[in-house]
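Take a look at the structures listed below.
Paired with subunit B in one complex and with subunit C in the other, subunit A is shared by the two complexes that follow.
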Partner chain A sequence: MVAKNSAGKRSAAILDPKAVARLKERFQKQNVALVVAFFAILLVAPLLPGFKGWMAGQAALVIVYIIAAQGVSILCGYTGLVSVGHGGFLAIGAYTAALLTKHLALDLILSVIAGAITAGFVGMLMGLIFLRLAGPFMAIGTLGFAFFVGAVVNNVKVFEGREGISLPPNRIFGQVIGDTEFYYVAVAFLAGVTIFIFSLVRSSLGRALKSLRDAEKAAQSCGVNRLQYRTLAFTVSATITGAAGALNGLITHYVSAEVYSDIWYSVDILVAAVVGGSAMLMGPIVGGTFVAMLPFVLETLADFSFILKGAVLIAVLMFAPAGVCEVVARPFRAWRRRRLEVAGHGTTPPAPELRVVASKGEP
Partner chain B sequence: MLGQQLISGLATGSLYALTAIAVVVVFRNTRTINVAQGDFSMIAAFVAVLFLKSGLNYYATIAATVAFTVLLGIVVERLVMRPIADSDWLTLFTATLGVYYIMHGVAGWIWGRDTKAFPVTFNPTPVEIFGVIISEGHLINMGWAGAIGVVLFIFFRYTKQGIAMRAVTDDPETAKLMGIPVRFIVMLTWGMAGFLGAFAGILIAPILYVSPQMMDEVLIKGYVAAVFGGLYSIPGAVVGALMIGVAENLAGGYLGSHYKTATAFVMIVALLALRPQGLFGIQKRREI
Partner chain C sequence: MASILRCEHVTVRFGGVVACDDVSLEVEEGRIVGLIGPNGAGKTTLFNVLTRFQDHDQGHVYLHDKLIDGRKPHEMIGLGMARTFQNINLFGEQSTLDNILIGAHRLTGGPIGNLYSLPHARRRESALAKRATEIAAMLGLSDELDNAVKNLPYGYQKRVEIARALAGEPKLILLDEPVAGCNDEETAELREVVRRINKDLGITIVMVEHDMSMVMNVCDYIYVVNFGANLAQGTPAEIRANPAVIKAYLGEEVEA
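And now, the complex of A and B:
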């Protein structure tokens, strides 16, 4: 969904380009300030009086979900690709970290990074296969991948199947840490990934990916190597989701096929990205929180949480196809655009007619 | 031994074929990868249990269940899919995910998450035909699947609606201009998905038993089979489904049951890497 002004008249003459640039910089600073404020709240939260120990663990789980959704959002938001198999990367990250922690007693941070790298490597291999396919085929192929990973962890001995692998307490630099410390680790990873995506989207790489998403042929004719960039995006996305998986396994101290062979894990992550709005920084954060909190809030009503999740998903697709965050952000964006117009022209322009151009996907 | 494995593979494959055909029919008419296809079957199985317990006989149960599921398909189309029919495929796909969640939740709510036995079981004593020993269940399943295949063939070949449906598949715009009621055909498509889903559910229920997640694996295999036909060709999907059934059974028989579930994925990776357009798919020129 792209909201457009009647562009022809406006772009003709900006009287004061400096003022526009200043204003743009200010808006950028506001964006950064919002994100910083968000993380400040996350950092202070455990110090608040009403905060109890179990909340830290629960919050860390929510953050894990958010990171996983961020991984997916790189693909379906900024690159225009869809993976329904990211649960597979989640599992790969979790099992890598779990095996390293159990057998080598590796440090928490190191095993998370190892999990992320392993998932990224597998992601690269999968990307080489799947990225040659048109969207729907890719969706099915990646779903098959998640299914395959599920079959492997269920049946290969090392992964201990449904019995699962129980893990010792987590250690950082040899120190045993509890849930609250783990929460801070999770927040740190979340911050890292968020900053990464923030700068990725604004880099030349991000622009190349978005140009491939919006006009594939045009981008290619400008020299953007489709397969190369998309493989890179797929790898990065798998890496991030792998890190989420590793965190997920380590915080619960338990990794089993019961959990990770569930292919609908993959679907949940995708739903989180879609509901929140995958092309926005806040999207996966809102969507991930929604999906992760739902079964927690409706603990005794698991089936009802399924129904609610489905209903919310369908409602979002019908009324806010670009995600909940996009709807919330829309008036602010319109206001900023007006401010920019005023700054550029010195006067209030005639109210621009807002035209909504629905994207019809690939032609 | 080999003959046995082949036959039971074909029997399982023919059940996958029902799901695969439904996936193909819905995709080529509406660009929707239908995640809820498995749930049509799952709901059908539960409803069939209900009918059977209330004393209806097997055939009346099938008729009633099919009617119910066809209606369910149409309701899904009207309430969920039609308002967003013009969206891109990802939105449509995600919407069926929503339907999946809702149906899953409703089934779990009403009937519970535990696996239940299906009241109809087949005679376990196998019959011998041409030196190959076949269980009665396999025979019955193959019979039903074959009969449905014939019905579909007649429908697409000789009936007005079937021909109209093929026209919509080939070119919805032109079909509309020629006076074909495209909306009605799309509704019919979802009805057909319900029809095929009902049979898949009732026939699989004695093998996999009845639970909300009974169809998850079958659905994935149906997808893989559908990809064999390039998500477009019904014969391709059927061949794909039979191949998956046989390959899976052979892998299970000779390599051990661990490898059974992974077979479908290995097949799809090989297929997608070698022939991305599907086994029988036509390479469509991509538009700019």
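And now, the complex of A and C:
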């Protein structure tokens, strides 16, 4: 069936759809190349001459922040829900891995996976509760969850409270590994999570999550089961943050309530996700790096990092609510759109005439 | 003819306000049925009851003679019923193609095992995209597939909503004011679209509409509600001649 009504045509028909498709494929490849280049830098970094032993541990911590922010970004970016309690999942991941490492001397990678799964399972249960709450109430609920986890690790004996759990050296296949090896393990996890998110947001699953974010009722009318999909997003988000928590505990060889009962972890990873731009693949990478590096950059003024983080967060929310990466990407996207138009029409089409839109859809 | 959608004695109360008062209607398969009434007559509430976005206090709703009271809104498309919304309710930031693809959500087969990197998921995606492209072509949206729908003119957005409803391969579509806010040209186009969906695809249509020329020209059968209750029903000619309808709603005779 072909459209009969050509009366309402807005723009000239696309003359060369193949050229458009080719160009789109090229842009897609460029995006992938950007991410691959980023990982290449991460892999080569420890080989550079200025790279010292202690830096590997710090670099691994930055990676951990990025992974945690990626976990949060699935929720705030693609699902449109805000959790201010993801530090709770970070803690669950860290303590699960720490206890398994201390008491069972479990392999590093298995400990991290166990931490992730435990956090994911708790995330699923929490999701089933919190997702029945609307907007701000859900945020308060997640905050309460983080405090709850904090209270548990402070007071339940097995978690050893503020004394903390000191951990033996990390092992992979029975071999003790150093910070540089650990750094590579963290990069591998980061790569896995990045590929997973890339794949998720391009799937029908990602589309359904975004549709719930943009217009809930319309999404339901299309058959999207709100509770099922949001619970799934919450679970995935908690799993990834739990993996970050496990890595965080194991790299520092020390897990204590002093650190994990603090609400600042929750705030930090939320800031990391929002500042970078949580609906973009590079967003948590940039945001996580920013938040993790800030205390180092400020050196003796590290105490001011809270103030600076707050100021940056407010500035981003005011001037670039979709995140810093979105602002940087904007001119590139506009340029690509022009390229596509030229490819499709053989020439730059005239600007479409302005029309008054009678009313706008729900935001 | 078999009834595809039926409601019996539906009553909805919002506190002291009775939005629907013992309303019954029956939609026969293959028809275009209009639901009209003055502002505040309870049309939209009834629409939401039929599509399960609103719970009713009394009465029953049947789809294909199956009771659907207590079912969830997201289950409706799986039972063959799609809908559009009164004020355009699209995924504004997303492209026309993605909007239509979300309409095909029930054909994607659940949340697990759909990751883009899996080959079978990608095959299904490309099949769905092909189908979505065909639907877009039918509605004259071929050149807009990659454009964000928030940038489209109003009449186009209305068509994207209909395209999205079609993508779930429904047997029945409920249109909530399909031409509200459209100019004459857009109204004429949408009228053709509705006719084609009904004739070429054999999809039953129920529409709430204020535009009398649209309703009288397109519908096979019309239900009139007033103050939340059934007032009249019949063919367009019968409704036009019904003194109760004229008195309650039209004020004077309608021009066709």
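Heads up, the rule we're going with is that the second predicted complex is superposed on the first by the 337 of 363 C-alpha atoms of A that agree within 3 Å, B and C clash if a C-alpha of one lies under 4 Å from a C-alpha of the other, contacts with A are read in each partner's own complex, and residues count from 1 in each chain.
Quick note on the criterion: a residue touches a chain if its C-beta (ideal position, glycine included) is under 8 Å from a C-beta of that chain, and two chains touch if they have at least 3 such contacts.
All values reported here derive from a predicted model rather than from experimental measurement.
Peer 1: Contact-wise, after the overlay, does A:I195 reach subunit B, subunit C, both or neither (first, second, both, neither)?
Peer 2: Second partner only.
Peer 1: Contact-wise, after the overlay, does A:S204 reach subunit B, subunit C, both or neither (first, second, both, neither)?
Peer 2: Touch status of A:S204: second partner only.
Peer 1: Pick one for A:Y184: touches subunit B only (first), subunit C only (second), both, or neither.
Peer 2: neither
Peer 1: Applying the touch criterion given at the start, work out whether A:F38 contacts subunit B, subunit C, both or neither, answering first, second, both or neither.
Peer 2: It touches nothing on subunit B or subunit C.
Peer 1: Quick check for you: in the superposed arrangement, does A:K217 touch first (subunit B), second (subunit C), both or neither?
Peer 2: Both partners, subunit B and subunit C.
Peer 1: With the two complexes superposed on chain A, say which partner A:F51 touches: subunit B (first), subunit C (second), both, or neither.
Peer 2: Once the two structures are laid over each other on A, A:F51 reaches no partner at all.
Peer 1: So in the superposed three-chain picture, is A:I140 touching just subunit B, just subunit C, both, or none of them (first/second/both/neither)?
Peer 2: Only subunit B is touched by A:I140; subunit C is not.
Peer 1: Share the list of subunit A residues that count as touching for subunit B in one structure and for subunit C in the other.
Peer 2: 217, 358-363
Peer 1: In their shared complex, at which residues does subunit A touch subunit B?
Peer 2: 76, 82, 129-130, 132-137, 139-141, 143-145, 147-148, 151-152, 154-155, 217, 263-264, 267, 270-271, 274, 302-314, 317-318, 321, 358-363
Peer 1: Any idea which subunit B residues touch subunit A in the complex?
Peer 2: Touch residues, subunit B against subunit A: 27, 31, 33, 35, 80, 83-84, 86-91, 93-95, 97-106, 108-109, 113, 216-217, 220, 223-224, 226-227, 231, 258-259, 261-262, 264-266, 268-269, 272-273, 276, 286-288.
Peer 1: For subunit A, which residues are in contact with subunit C within the complex?
Peer 2: Within the complex, subunit A touches subunit C at residues 1-11, 13-14, 195-196, 198-200, 202-208, 210-211, 214-215, 217-226, 228-229, 232, 340, 355, 357-363.
Peer 1: Sort out for me which residues of subunit C touch subunit A in the complex.
Peer 2: Touching subunit A: residues 51, 53, 72-78, 82-83, 85, 87-94, 98, 101-103, 105-106, 108, 111, 114-118, 121, 124-125, 128, 134, 137-140, 142-144, 146, 149-150, 153-157, 164-165, 167-168, 181-182, 185-186, 189, 192, 196, 200 of subunit C.
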